[in-house]
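For reference, the structure is listed below as structure tokens.
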Amino acid sequence: MAIKLGEIVKHLDGQLKNGDSDIIIQGIAPFDHAQPGWITFAIDKKILPRINETRADAIICGKQFENRPDIEKRLIIVDNPYAGFAKAAQLFLPPAPPSMGIHNNATVGESVSLGKNISIHPGVVIGNQSTIGDNVIIRANTVIGENVTIGNDTLIYPNVTILDNCIIGSRVIIHSGTVIGCDGFGFAPDGEIYEKVPQSGIVRIDDDVELGANNTIDRATFGQTWIKKGVKTDNQVHVAHNVIVGENSVLVAQVGIAGSSKLGNHCVVAGQTGISGHLTIGDHVTIGPKAGVAQSVENHQTVSGNIAMPHQVWLKVQNIIPKLPDMKKQLTRLEKQIAEWGNPD
Amino acid sequence: MAIKLGEIVKHLDGQLKNGDSDIIIQGIAPFDHAQPGWITFAIDKKILPRINETRADAIICGKQFENRPDIEKRLIIVDNPYAGFAKAAQLFLPPAPPSMGIHNNATVGESVSLGKNISIHPGVVIGNQSTIGDNVIIRANTVIGENVTIGNDTLIYPNVTILDNCIIGSRVIIHSGTVIGCDGFGFAPDGEIYEKVPQSGIVRIDDDVELGANNTIDRATFGQTWIKKGVKTDNQVHVAHNVIVGENSVLVAQVGIAGSSKLGNHCVVAGQTGISGHLTIGDHVTIGPKAGVAQSVENHQTVSGNIAMPHQVWLKVQNIIPKLPDMKKQLTRLEKQIAEWGNPD
Amino acid sequence: MAIKLGEIVKHLDGQLKNGDSDIIIQGIAPFDHAQPGWITFAIDKKILPRINETRADAIICGKQFENRPDIEKRLIIVDNPYAGFAKAAQLFLPPAPPSMGIHNNATVGESVSLGKNISIHPGVVIGNQSTIGDNVIIRANTVIGENVTIGNDTLIYPNVTILDNCIIGSRVIIHSGTVIGCDGFGFAPDGEIYEKVPQSGIVRIDDDVELGANNTIDRATFGQTWIKKGVKTDNQVHVAHNVIVGENSVLVAQVGIAGSSKLGNHCVVAGQTGISGHLTIGDHVTIGPKAGVAQSVENHQTVSGNIAMPHQVWLKVQNIIPKLPDMKKQLTRLEKQIAEWGNPD
């Protein structure tokens, strides 16, 4: 790759300092690994005081470096250096390979509608009546059920399963091993046994969603399980039937959300947290790692803890829990003292 | 679909009120979505007072509506309305597609015994000496190892893995991404390294079991890991080697059961709970969500909590934990008061 | 199988007591199931007092049986009976089937380098420029991306995904459903949306590693996520980008390790534990089940608990937590008593 520094600065809507916009940049690398001819970034607090020490040809950094005549390095000053780094790194991704069409060892059902410039890798199976958008890449051994719709520019990694009637948006990325549209967990106790409640709904995944590896997103009993625009999930996330995950919310690894709960927009749920069923979690809610959320949460709250509570309370509680043995001894001591005083002798 | 109302009533062993058994029903839908020509159900407590408000042609409901002359709607009164709803919804499932036999792009090994009316989808691989029962459906890209036995009427979704020598019953449903018969986690420390303990046993899955997506069920070291009749598991459940899960027990999403533990019949284990190894959990035991079970549990107990304890205790404990900072302050205050009184001045 | 007893003793570097090295042994089985012609092992404390009761032809046991003239059974006395059992059981594994070469229904890309005696099962897809070592077995429907390197004698089970550029060592075992090289979870908030941080690094898996089923091992942002020599993971383990897991460490089922954390050598992380990002866990650290580790841990420590703390503290804390309701009552009683005394009346 070879991109003029000025083009990078323009792409980031940044401001070049000490710079020569015509130099050619070949790549982007971390601060201590970047070589001459590359750019780097200064985000980590430990890096900031060392900003003159990189060998890179330019550094993406924040506005705090705007009036720093002591820095001789070329700087690309942006409002949001982390996002600036992300956008610059996107520029240096290798170009997508040319579309390969449908590989001979793929199996495409009847009445399938196929967009332009698609790549259907070996071992892929696409069921009848499905619709695949333009520029879609479906990597090896992924299975698309019947009557599935996939939007444009969507990338599906190997060994994914998308089951019948589900709807996937545009610019969606789905990582390997993820299952979309498995049955919701619905069983009616009937004496000794359980009757299966048929799961007739679908899963709907909106545009710009990215789902990590080995996720499971259940289809709705009726209607839809709905992952809204811009949601990002990490690996091994479980989303039960009829759940709604609001726009641009983030679910970290091994999170589970039980049936019919609604998560608002711009939420962050940290790793290994569980959310019970039929709850309403507001917008802009942050939930700490390994939390157990058993009650609905209002907008803009931060909750944490095995039994989720306000995060400020949890910070105190987690300091006290290791001191419980001392508290118990203290309590016993006080009780004894009071008992002695209470006993006339 | 078109089913006479009377047939539905008969199938549910129900009692028709205000009814005309000859009207034709086309489907079943939730209370607020059902249209004329459809049936619905009244289970949710919020729905019950609004029972006259649906547009559906008939309502599955419980015995509390038996003597309610104020209700003009057609009612299908049953003992267990949730199970009645499940059974009615099963009636309206689309009919299974005709058996497709073995797709050209499937690979079937040597000496495989195949039942009648099977459907082996593209990309399926079946190893040598395996036995597939009648009416079995194996969806795309699922792998069946060598010498596996699968009973009649079993449905296996895409991208499932069933490894060598495992035994699967009849009317079993296995969802995508689930792995049956991976090695149990057995390693003997030997100085700096670990020696692998060969896992020579199998997994046995009995009739009428349903396993969710992305489960992992380990084969036994010797003998069998055994999922008994009627068990239902949600997604991302882990069952270690030599575990026994008793009849009609339910494992909710992301539960893990460590090696050699025995779970009784009719248990319910809520989501994200972990059960340690070599424990005995009795019959009819309920375990709360996100619990850590480190000790055996007697029949008919309900236990909860990160360190599992009787559920009634846990309900109190979880109220107290957020109050720990106040308790600590209170304790310090009392200690100070007592110290002052104890000091002669 | 038929192996002379003397050969087994030699393989285990053991000492034969009451023995005849020329007898033929056909297999190994647990203490109460072993038949004449087989060997067994005495490891479990419940078995040791019953050591004369087996029907097996010889018993693998520890040094405590060295000077026990009361035991008439043939004994194979070893320093480490659990490791001895593992090694003996390995002897009785069925021989690997002859290499099958490349099955007709596998798809091998361009410029792939293939070792000797390989078995590439049906449905396997191998991308361009990949290198497969000698004696490698890749079972059905596994997908190997482009430019992947796999060492000698490695065994990959069905439905595994190894993505582009990853490096897998020799004598590695990877169980079904595991995904190696999925993108790390990196997103930069940019106003309302998230910018994807490209994940350009790889996953490197060293020799003698065994990964359980349905693991997810993320590729690094830059550089490598590194699973070092001899590591063993159980099922459903999640390892995030840029994590390092040290030599011979063990990760039990459903563990999650967040980005950039470093785990030392010879650690054991028990089931369902979560480790936060950017931590340093020392060598020989043991972490209890279902722990939440939010701080770095020194060498040779044992930590436990939902908020990880020294294990000895946790043992006390977990006894006190169920007593919190009593402590709260006790505290209220004391406060009342003190208030009465404090009030002049």
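Per-chain residue numbering starts at 1, and chain names A, B and C are given in the order in which the chains are listed.
The definition used in the following text is that contacts are C-beta pairs under 8 Å (C-beta built on N, C-alpha and C of every residue); 3 or more make two chains touch, one makes a residue touch a chain.
In this text the structure is predicted, and so the values were computed from the model without any measurement.
Participant: Using just the Cα atoms, superpose subunit A onto subunit C and tell me the rotation angle to the nearest 5°.
Facilitator: 120
Participant: Taking all residue numbers used at the subunit A/subunit B interface, answer same if over half belong to both copies and different if under half do.
Facilitator: Homomeric contact, different residues on each side for the most part.
Participant: How many angstrom lie between the CA centroids of subunit A and subunit B, rounded to a whole number?
Facilitator: Centre-to-centre distance between subunit A and subunit B: 27 Å.
Participant: Two or more other chains touching the same residue: where does that happen in subunit C?
Facilitator: Expected reply: 105, 123, 141, 159, 177, 214, 236, 254, 272, 306, 321, 324, 327, 331, 334, 338, 341.
Participant: Could you list, by residue number, the parts of subunit A that touch subunit C in their complex?
Facilitator: 29-30, 33, 80, 82-83, 85-87, 89-90, 92-93, 103, 105, 121-123, 139-141, 157-159, 173, 175-177, 208, 210, 212-214, 230, 232, 234-236, 248, 250, 252-254, 266, 271-272, 289-290, 306, 318, 321-322, 324-325, 327-328, 331, 334-335, 338, 341-342
Participant: If you look only at subunit A, which of its residues touch subunit B in the complex?
Facilitator: The contact residues of subunit A facing subunit B are 105, 107, 123, 125, 127, 141, 143, 145, 159, 161, 163, 177, 179, 182-183, 185-190, 192-198, 200, 214, 216, 218, 222-223, 236, 238, 240, 254, 256, 258, 272, 274, 276, 292, 294, 305-307, 309, 313-314, 316-317, 320-321, 323-324, 327, 330-331, 334, 337-338, 341.
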